[in-house]
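Shared between the two complexes below is chain A, which has chain B as its partner in the first and chain C in the second.
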Partner chain A sequence: MTKNKVQRIVAIVLVAVAVVMAVVGGIHLPQRSGEKATAIIEELRIRTLLDVTGVGLVDTYVEIAREEAMAKGKAEGLSLKERKVKAEEAMAETRAKYESEGVEPQADTAILLPVVAEYAAQLEVYYDLKTAAEEAYVEAHMAEAEAAAEAERQAKIDAGQEVGEEKPVTVDMSGFVATPEMEAALASADESFVAVGEALMQIYPALDDSALKTLKPTITNVVLQQGEGFTQLYDRYMAAGSGEALTNPVNAWLIRYADDLLYGTAALIVLALIVLFYETLCKKLGIPRIVLGVFFIMLCFMCLWFDLSLPSLLSNTLVRMGMNAVMVLAMVPGIQCGISLNLGLPIGLVAGLIGGLCTIEWGIPGVWGFIVAIAVGCLIAAVCGWLYALLLNRLKGEEMSVTTYVGFSIVSLMCIAWLVLPFNSLKLRWPMGTGLRNTIGLDSTNFKHILDDFLAFEIGDFTIPTGLLLFMALMCFLMWLFTRSKTGVAMSAVGNNPRFAEATGINVDKMRIIGTVLSTVLGAIGILVYSQSYGFMQLYTAPRQMGFIAASAILIGGASTSRCKISHVIIGTFLFQGVLTLGMPVANVLVPGSTISETLRILISNGIILYALTKSGGESRA
Partner chain B sequence: MRDNVNSGIDTAASKAPVRQKTNWGRLFRENAVTIMFVVMCIVCLAFSGQSLSYVMYELFGRLSRNAFIVLALIIPIVAGMGINFAITIGAMAAQISVLWVIEWGVSGLPGMMLAALMTVPLAAFFGFLIGKLLNKMKGQEMIGGLILGYFANGLYQLLFLFIFGNLIPLNAPGLVIKGSTGVANTIDLSTERGFKYALDGLWSMPFVEATHLIFAVLFLVVVVMLVAKKIKTEKALTYMGIMGAFAMLLQIPAVASVFSMVKVPMVTFIVVGVLCLFNTGLLRTRLGQQFRAVGQNRTVANASGINVDKVRVIAIMISTVLAGWGQLIFVQNMGSFQTYGAHEQVGLYAGAAILVGGAGVRKATNGQAILGCILFHLLFIVAPPAGKNLFGDSAIGEYFRVFISYGVIAAALVMHAWSGIQKKKSAKEALTE
Partner chain C sequence: MSAEYVLEMRNITKNYGENTVLSDVTLQVRPGEIHALLGENGAGKSTLMNVLFGMPVIHATGGFGGEVLLDGEATHITSPHDAMTKGIGMVHQEFMLLPGFTVTENIKLNREVTRRNPVSRLLGRNMETLDMGAMSSAARKALDSVGMSIDEYTRVEGMPVGYMQFVEIAREIDKTGIKLLVFDEPTAVLTESEAQQLIRVMKAIAESGIAIIFITHRLDEVMEAADSITILRDGKLVTRLDKEKTSIVELAEQMIGRKGEAMVSVEPRAVPQDEVALSVRDLYVNMSGEEVRGVSFDVFKGEILGIGGLAGQGKLGIPNGVMSLYASSGEVEIFGETLQLGNAAAALKAGIAMVSEDRKGVGLLLDQSIEDNIAFTAMQVKGEYLTKIGPIKLKNSGAIRHQAERMIKELDIRCFGPTQHSGTLSGGNQQKVCIARALTMKPRFLFVSEPTRGIDIGAKKLVLETLVKLNREMGMTIVMVSSELQELRSICDRIMIVSEGKLVDILPPDASDADFGLAMSGIKPDEHK
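After this line comes the complex of A and B, so read on.
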């Protein structure tokens, strides 16, 4: 009872804090575009401007001090040497003075306000025009750039170099010329800069024309840079150390972080719900899913907090879920027919890869290429899967360790095969040396993105790969239909309780063969779906770990080593891929340039398999 | 080292007379993997085009640095836990120790000793945790150990990338490279701070003299045992005969020239020998009996009052500590190691080696471990050049030996599972009849 009470109290406190944050955030967020925000930015801008100009002026002041000292020395009748010494002393003194205290404004800084505001407005007009013009230029030249990139890729393939990870096509901006409107806007901005210069000269009488000229780019940069809004300006000025100029720093902070307050509210409410319904959730989902689910939600909020583009990341997650789902689905018949996790999945993957290689070798383009690849892959997978099933039928109860090492052996055997298989296409082979390439780049003449781009549409940053998701749904639906069929029901009976199944007259061995073949075939389809989305076919040691990744995904989804459902596939793939996709950019913000997300993958993927093993272990499977 | 092979011969000889009469075919079948490997080694050796003396030189180098870690696998096999693929974690413990010994600047033999000392609590603690976890997945220890090794590799990377060198500063030169996160990719032991050849360099001598010395010592031991009547006269004479024959063989210049390049690191091989004695000795103690009992049948062992879980944890702890020491011997011989990769293949290679020697998932001896180590590494030396000569590509040989490593383990597991099921089936049939 007391535990329940504590839960409730914690939840109430969390919700209360969340409500306060929501109210504060909600009040301050609309003010970003209001007068208050403008006032804050102006305060900060003037201060930064003065600081920057002052620093630029120190040298001028030092020079003045030297001349004064020299003149004074001459008046006192000192020798040249003594005068020089005096002058150096004076220079050092002046420099130290100004560098420690800053340069004092000589006039009221308020005169800067209107002129700088005017200058900023003019600059904004100019930058808006520039952005629009640049966008138009990029749009006009995109096709050209894409063609160039494709040609370069082709040249690389012909020259026998490794084609690396695909980079987004960029348009070369060197040919960009300013439009007349832009030039007019820039001219009027320059005019308004004259007023700024005059005001600055009033404030710092030492500022002369040449010094102003050198300072002009700096001042312009301080006032406004291209594409900056409230948050960017605020961050930049605060980083420059102008925060003390604010009359109301708390208010400014609240306006700047209003959106993060709102995100925090949502996070706290989620947390409160989890605290409140912890036990129910534990029972329904199990601890690993709660941990990973909470981790995923936390990563979402961290993306928002670090101002990363959450929609595009979620869209990536969706793509990667579709990419991997069929491979994960291959675990389902394996588990249901009683061979537990099919860690020998690489057998199917290799078959699928051979199918893909064949279509490229035969030069079958587009959709037909993909279909032929699947057909060839399935054929090989079915034969290999059948042999593999015969082996597994002699090893009941020991499948896991055997399948792992059989899978590993097949992958390394295929490493030799990739070296000697008689493929001739230069897209596949190294032009010099023997064997196939490590990664084979697919392009528009093969089946690259054949599913991803089918009926794909965009909502803002969020791209929906319709074809990929439809294919995934189709596969899941077919699998679901199969589990409802007479054979499917018999098969899952074998997986759940082989002795009982045998007693009711089900042919256990036959069911295990069907399940294993199905699993291997789905593996072949899965790797092709993966490759078309990834844009590369990876040979050699790449398939070795994929069985583990697929197995961990379905376990994350809630399957055990003897029971699973289609929903486990979808939930598990989404959670696993989501954590990996969101984890990478967040980790890069926390520890720049690190491989921490790879480490994360190793930990999650193997951790969940270990967890499942401890649950299935003991004497139960003897 | 001869001692170990002798003990291997001993076990074979003690069983052979019974079997030789009964069934040649069965003998062949039970040692199929070993025989296949001998054939493969001979074929590859013939096609490799390398001189025998070079191969011997390489082989002894590899043997001195790899034998110890293979021997570390025996205890868990006897205790019925299969091949302990989690020895990678012992290797990680050793590498952590090496890092800190270099950081403290303790070099040479004291450094090696300190690292060995530091490995003990670390590896024992890790072994304790591994044992606890494997107790929760009885019957799935091998796959569990393999995946646990992968999982621990993730933790190891976290430790070396983000904790050492960042949260805990390292000051020794070369351990941390400026501009990149974490510990450097390679840790070098050949600097004045390291302990390259700390053990190997203590005392080494040419092969022929080394064998003479060892034979002399063994001869004395056999004589003493004979006088103390701990050994049968026939057996003692056989040993002496074998040793004498081998010594005579070495007098032939052609045979001696094969071993001309070999320099035997005496201390390392003595350490390996001591481990063999330790393995045999331990299995004769009460604890050793418990290992056997648990390995044969957990239920029976439990019924006879043995704390099965505890015995299994102890077996894994011993194995992990020994694996750590094995990795230290490996590292001091190599002189440097890949910080993030040196431990990854340890379990695979050691497991494959012991299986090649004829060991199974349930039984293994020192002799099998040493024999397997010799055959496995012989293939490792000759496969790439043979691949190059036969197919014109050395990559084929490389992939071939990786395939062999995995394939041997897969084959052994299949055979083991098969025989287990056959036994169960025949037991069932016997029951129903």
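After this line comes the complex of A and C, so read on.
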């Protein structure tokens, strides 16, 4: 059997399974809002209610047994210790008896249906009213709370204390009073509960008023279904362990997981397509991008499966892509001019950070602050990049190690510099002693989210950071224009084949300087874009790893150490950040207890990168 | 032990894949004689020696046919080490010496004289102490026998190259039981007096009974030193001669010969000599392995001038020097204007284009598309194929595509389209891309260096025809450098032969084989006659 045939057969089997899943899922999904779903939920609710009441009853009986035993012991004149032992025995006996026999309902449970439904409706009315009233209260008192928070913050700044991260303003709810409507609704709900209680007593004759009173909050909790949909209710009741009693559990399960079946269908079809067009894809994209792409798609489906909010995660991915893209773009001129991966990127990052610090020091707010930060950062980056390029020109052929060492050295050097640089703003300095803070929080008076929020809009959970993406696109476009300019063409020839360039009379050293300076300047802009989106500027050792992250991203995008395109930047940043963003919550669900998920994340992401690099094939000459 | 020949290689045949590099070659060397092995580049001398030394490259490519006899007995030499133990030594063209070691250490390397000591009794031979005294005296003896007065404890580093050559010889002589020594172009790096001394040493060694195979291209040295001569050409044995019965002219003639039919035939014409296009005076080029040491010549407008010579003699240095790809000095005038050397862009701007012999190293951007390769030089040097938007100059993709498509059609470049990467093309098509790039410059003067190296026969023909067409139809002055004399003779108006970095003579294409052979070994034919 040829390989081709196997591929086709596997694809057909996958598609067949997918079709079955799609049909089943498609049939059951609309039933969620139908009568069947309502019936299932009601059945589950009654069942849970009965279980809860039953369990409550057992507890009541056990309590009665204990009291009886104690009283009996006292009558027999036993010591307190002996009495306790007797009571324990009696309790265990009673519990065993009821649990083995079960607390059987004594009447038809159907009488519960209408009264529970009525109670549920009443409760819903009450909670709707409550929510509305609370919202109105918050709205009315918001301005007040904000002013108070701002005053407190200002006082702290004036006193020279650390301000810390900005917290969302909360309204003090202690002044909230229930409205008359609410009280009326609560009263009528209580009235309808009486009916429920009567019905329950009919079913469980052993249930008395005091027991019912104890069970009321539990029952209310079971019955209440404020705004919850089918899936949440189903999960809740199933978690309470009422599933066995369902008349048609398979049907209920299918309705519950109909959407996951549809996701599974899509996943299988994607898989089938990959199997079918494996060779073509390999040739076009290369194995690393396929592996990462499939991993990313897998993560997407896992997010859906675990009912994580995929749109908000994807929107996060988009933000992180925009944040990092300019730094990744900084790799492009480096690779094209022949210095390979510019792992000395921290030079540019540090320059950008200094630019950012300057605007805070000078107190330039908003857009102008950001522009000035970029201008100052670029200026410093250009000078440093030029010196760095002179160094690289003297050490041709050793770029990889030189850039790495320069990157590390500059970060360490700046660790000293951050302590002695003459910045005076209290926002930047430690309140006591000298030196700049580790993390400098940006806020509305600086350039926090200046790009993220520009023209940003939401589609459901999916927020589009328009400004950020536009800026990224602009930088990419400018870079693309540069690669098409006479200088850009000459520069890429230098990177591609220095002897060829020399034979054409191109000044190789000059081109390498241009490329290095450009890369450093882009690094400076990149860190500012990153910081404004992140909301903090991180000094000291934070920039150390960023060069490597940017390098990994562009390699994943399909670049090699000697050639790259703008598309590699975009694809690489998206895949890299996408895998990181989606990987974390999925790992958290898979392995709850956060530290392992963090480890797993690093393992998965770096492992994938390593794998991608060992397999760096693909259409490298495309 | 009284076999007639110390070494006899009978009917040696060697194929590399489908390529026959040696066919039915026989080599016989008597004890105590100096036997010269002659041939042009690629005649099969090196391969024959590789067979003799049992080099891994031979075994890895399927071995060879024929047999090797040492002292009349069939032997199978499995490795260079095996050859050494059987008494065959080699004096390499590139010195195989460790620069940081002394002369003695180099001579005795891996054959050290050692004494046992307590540690070596425990840990074996590798821990024995070096007997420096014994080693020095043995080295001294070997050095004396090659007539070298240098101290045996001097470091090799910093020695004149001639001395290194003698150290290498001394090392071979020091080996016990040596029967046969191979000298691979030993005089190439030596001065005249050193060469004379070497020949004296060789004769002395031969008299002591050791046979010598002397590989060289200097015919006068052959006549001076050798007792007998074997000439190879195109992997075939041409003849075996005794020195007494031959002459230098015969050697030259046999070495060159007529190789096959001309691929391109050009009608003979009078050499145009009205106007000088390129005038070169005292050109020195520092191109490693192809140094040019003071060459002066004129190229006339409208002619095709060929530059020939053996490999490593400096013929490649001439175009590379004029184009300033390597450090060069001298006076160069192009169409009457002085050309400043040391500036690659100046030569290109002056209207000279070059197709480099180093296609992959200098000639192409392998990772870029055909169209970008073709337009690159014109764009960078002449500012063509650019669109100006204010101060920004962007490349004009449309114009580039147009030019690339024209060139692909004209030169018949076999490709999927102008966006295919040049690295994925075959050698012949890559060469055509190089030519297309040169032509896109619209040059007045074209250097083509080894245009047919490593490309298939069809592409060769097309390349040569293109050159003729450019010359005849567009009046382009062309200088073509090639190792293939036949090629030069088929299309050139005049052929300049270079030897040891100097111009030997300029010959008409119909000059005799003997004249070319003499010129290639550095002897001006007229003077010899």
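Just so it is clear, the second predicted complex is superposed on the first by the 497 of 622 C-alpha atoms of A that agree within 3 Å, B and C clash if a C-alpha of one lies under 4 Å from a C-alpha of the other, contacts with A are read in each partner's own complex, and residues count from 1 in each chain.
In this section, a contact is a pair of C-beta atoms (placed from the backbone, for glycine too) under 8 Å apart; a residue touches a chain by one contact, two chains touch by 3 or more.
This structure is a prediction, so every number in the text was calculated from the model and none was measured.
Within the superposed three-chain model, A:Leu413 lies in touch with chain B and out of touch with chain C [touch as defined at top]. Look at A:Ser562: by the touch rule set out above, it reaches chain C but stays clear of chain B. In the superposed model, B is the one of chain B and chain C that contacts more residues of chain A.
Touch criterion met: A:Ala503 reaches chain C, while chain B stays clear of it. When the two complexes are overlaid on their common chain A, residue A:Val591 makes contact with chain B while staying clear of chain C. In the superposed model, A:Leu395 makes contact with chain B only, not with chain C. Once the two complexes are laid over each other on the shared chain, residue contacts for A:Gly435 go to chain B alone; chain C is not touched. Touch criterion met: A:Thr404 reaches chain B, while chain C stays clear of it.
When both complexes are overlaid on chain A, the residue A:Arg484 reaches chain C alone and has no touch with chain B.
Across the superposed pair, chain B and chain C both touch chain A at residues 621.
Residues of chain B touching chain A in their complex: 82, 133, 136-140, 142-144, 146-148, 150-151, 153-155, 157-158, 161-162, 180-181, 391-393, 395-396, 399-400, 402-403, 405-407, 409-410, 413-414, 416-418, 420-421. Touching chain C in their complex are the following residues of chain A: 481, 484-486, 489-490, 492-493, 496-497, 499-500, 502-506, 562-563, 620-621.
The residues of chain A lying in touch with chain B in their complex are 343, 391, 394-398, 400-402, 404-406, 408-409, 411-413, 415-416, 419-420, 434-435, 548, 591, 593-596, 599-600, 602-603, 606-607, 609-610, 613-614, 616-619, 621-622. Per the touch definition, chain C reaches chain A in the complex via residues 323, 325, 343-349, 354, 356, 358, 361-368, 372, 376-377, 379-381, 383, 386, 392-395, 421, 423-424.
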